[in-house]
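By letter and in written order, the chains are A, B and C; residue numbering begins at 1 in each of them.
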Amino acid sequence: MKLYLKFLSIHLRSAMTYRSSFFLSCLGQVLITTNVFLSVVFLMDRFQSIGGYTLPQLSLCYAVILAGTSLAECFARGLDAFGRILSQAQFDRIMLRPRPLLFQVLCQDMKPTMFARVLQAAVMLIWALGAGAVRWTPAKALTLALMILCGAGVFFGVFLINACVTFFTLEHIEALNIFMDGPREYGKYPFGVYGKPVLLILTFLVPLALVQHWPLQFLFDRGPAWYGLLPLAALLFLIPCGLLWRLGVRHYRSTGS
Amino acid sequence: MKKYWSFFKMRLMAGLQYRAAAMAGMSTQFVWGAMEILLYRAFWAEHPGQFPMGMEALSSYIWLQQAFLTLFAMWNWEHDILRSVKEGTVAYELLRPTDIYSMWMARSVANRLARASLRMVPVLVVASFIPAPYGLRLPASPAAFALFLLASVLMVLVVCSYHLLVYALTFYLTDPNGLMVLSVAAADLLGGAIVPLPFLPDGLRQFAQLTPFGSMQNVPLRIFSGSISLAQAPSVMGLQVFWIITLLSAGYLLTKKGLRRAVILGG
Amino acid sequence: MIEMQGICKTYRVRRREAGLGNAFKSLLSREYTEIPALRDMTFTVPDGQILGYIGPNGAGKSTTIKILSGILRPDSGACTVDGLVPWENRKAHVARLGVVFGQRSQLWWDVPVMESFDLLRDIYRVPAPVYRENLNRLTALLDLGDLLKTPARMLSLGQRMRCEIAAALLHGPKVLFLDEPTIGLDAVSKLKVREFILEQNRLCGTTVLLTTHDMQDIDALCSRVLLIGKGRLLLDGDTAQIRAMAGEDLSTEEAVADLYRCFGI
């Protein structure tokens, strides 16, 4: 952990060497996600509600997804850029160091600019809470924390799958962006809004609905309390991801490319 | 005309090298389009009376938007041009017998056409097989279709003129990235990318339509889907022409002055 | 002690022909070409030896290094480095190993070299007194001084290579792999690097395995030379033997080319 923090500080300082571009890319990222949420604001201005959700509730919904993706993107950046790590033979160097491989890949690259989005998520969350999106109980606060953390976990798993595929194909598969960039865009509404097929896919295949749609039902008093624990179940998704990673490393060891 | 053709050919060949990337890009665009339509379907089911355009028109708008994405996307910069201006190597271009500004234009237009032509067709074909009101439907009249084609040409010219102005401003800025970031955000917001302009609140909507961003994807997509009627089209397209002339001449003057400065400074 | 016993490694390369049709065909049935990289490679390196490992491009040098350092698993054969099988005890093995790739950097680009070193100390869990001692010795021998405060991207190639070598030795490894450490260096830097390798070997008894295309490196450093070609061990001898085959003046390109031609590689 201490080592990880050291890496974080190195990446932060590297990013700060190019200070103006650091702030500009922070700004750019926040503008993109602000626009995403503005689309919600405009539509709610016209229609007032969708599927029984109000604007503050949607703000909370998007804040959860935004915080989860941004945390994952900041810390799993090494997995996102894994194609480059492989092609520049950085993975060989990683294997020459006496620390766990995945840990080192995560240390390899981080994206501190993502904290700007985490900040944005925090602002949206605070606004949503102030506007009375939820009637609070301690259990609901716990669920909210679980949603963000487990959400980051699921996104981490998606990044991990992407990296594992790179072991075999050696290039980034753009189609996987559907599950990487897509949720950051379409997570602005609870996934149930998009209809049953989408909800089913995101419940059982890539369990993003377990950290967003279902626990939201509990937060908004529309579902039973045990929905609030579903984010934990979403973490099961990490098991196949981990197995795939092992398979990828084994493949790398036998082909060396 | 010839330089347009050779830039187009060059980029098309380069693009063809990355067939796999193009295929994957199409699959994501298809999913994006589907998600947008599913979303508006939910709004339509609850509040059909408050829709500023019909569901069928909206579906056509969304599919065309996905298909034409690389044609009008603000983020589709010509990084070679930017670099040459930033590093001053642009002064060497003066050695060539062509006018640098029309060269930039040729390059921008051709590259956009080449990129879009690879990605466009499959999305359009698939979308036209989706049942109403969620699929892509042809415009009501041949006249509307003709106007759509004309408006598309004007759209590409507006986007490229805007880009050329940014390249020209790069002569005077230490770092054009801020301007680029803001341009992308503004085009998303005011151009009809995040929600079609008719869905914007009053006031903001009228403002957006008057900006150069409102003369981009907004015009052809809405003429195609019938959201801008034949009667309204001439004035909207007139505004497109106005922006092309304004942006182009502003950029042209700035480039001329900037180049003179670059030559004096010695690049 | 490094032992390699009958190591074989074959790469399977997917055959792909141009054209869209073939691209689709290769989705269904894949054809592979087998490229043998190492065939029955056997040798032993005793502790404290400086071993030169030479051969033309594609002879299998980097495959050997990759197997010895645990990156690659061979198809068959046995291999131990100080009693450990590299690809089975990766962490324990690499903790005792230092590797320098002449063409790649392990320093972090934008931060001062000293910070890279501190980070390596933490990665390798080097105890503070050991680290201080190693750092002082390496700084003195390699004349690092002011370089430590400079970001790696601002160093010249020669300066960076000295820092790279120090970085590989901070944790006091018993075995050091040098992959073309003098590539691209000017004469002064080359001499400095060679002088250091000898010194390090003499002071710490470090076993050094050196791959290079520069015969002057071999001449100056190695007590023993392995020549490989097409994945096989062709010659195991000392520089005198090489010299006998290639002619007195090893430094010329012609002599080396003649040597390779001698073995038909």
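In the analysis below, a contact is a pair of C-beta atoms (placed from the backbone, for glycine too) under 8 Å apart; a residue touches a chain by one contact, two chains touch by 3 or more.
Quick caveat, the model's predicted, so the values are computed rather than measured.
The central chain here, found by comparing per-chain C-alpha centres with the mean of all protein C-alpha atoms, is A.
When C-beta pairs in contact are tallied for every pair of chains, the largest tally goes to A-B.
A separation of 52 Å divides the Cα centre of subunit B from that of subunit C. For the pair subunit A and subunit C, the distance between C-alpha centroids works out to 40 Å. Once the centre of each chain is set as its mean CA position, subunit A and subunit B turn out to be 30 Å apart. For subunit B, residues touching at least two other chains: there are none. For subunit A, the set of residues touching two or more other chains is empty.
By the touch rule above, subunit A contacts subunit B in their complex via residues 20-21, 24-25, 27-28, 31-32, 34-36, 38-39, 42-43, 45-47, 49-51, 171, 173-175, 177-178, 181-182, 185-186, 189, 193-195, 198. The part of subunit B that touches subunit A in the complex is made up of residues 20-21, 24-25, 27-28, 31-32, 35, 38-39, 41-43, 46-47, 50, 175, 177-178, 181-182, 184-185, 188-189, 193-195, 199-201.
Taken in their complex, subunit C has these residues touching subunit A: 11-12, 63, 66, 69-73, 87, 90-92, 94-95, 97, 99, 101, 104, 106, 108-111, 115, 118-119, 122-125. Taken in their complex, subunit A has these residues touching subunit C: 2-3, 6-7, 10, 13-14, 17, 88-89, 92-93, 95-99, 253-257.
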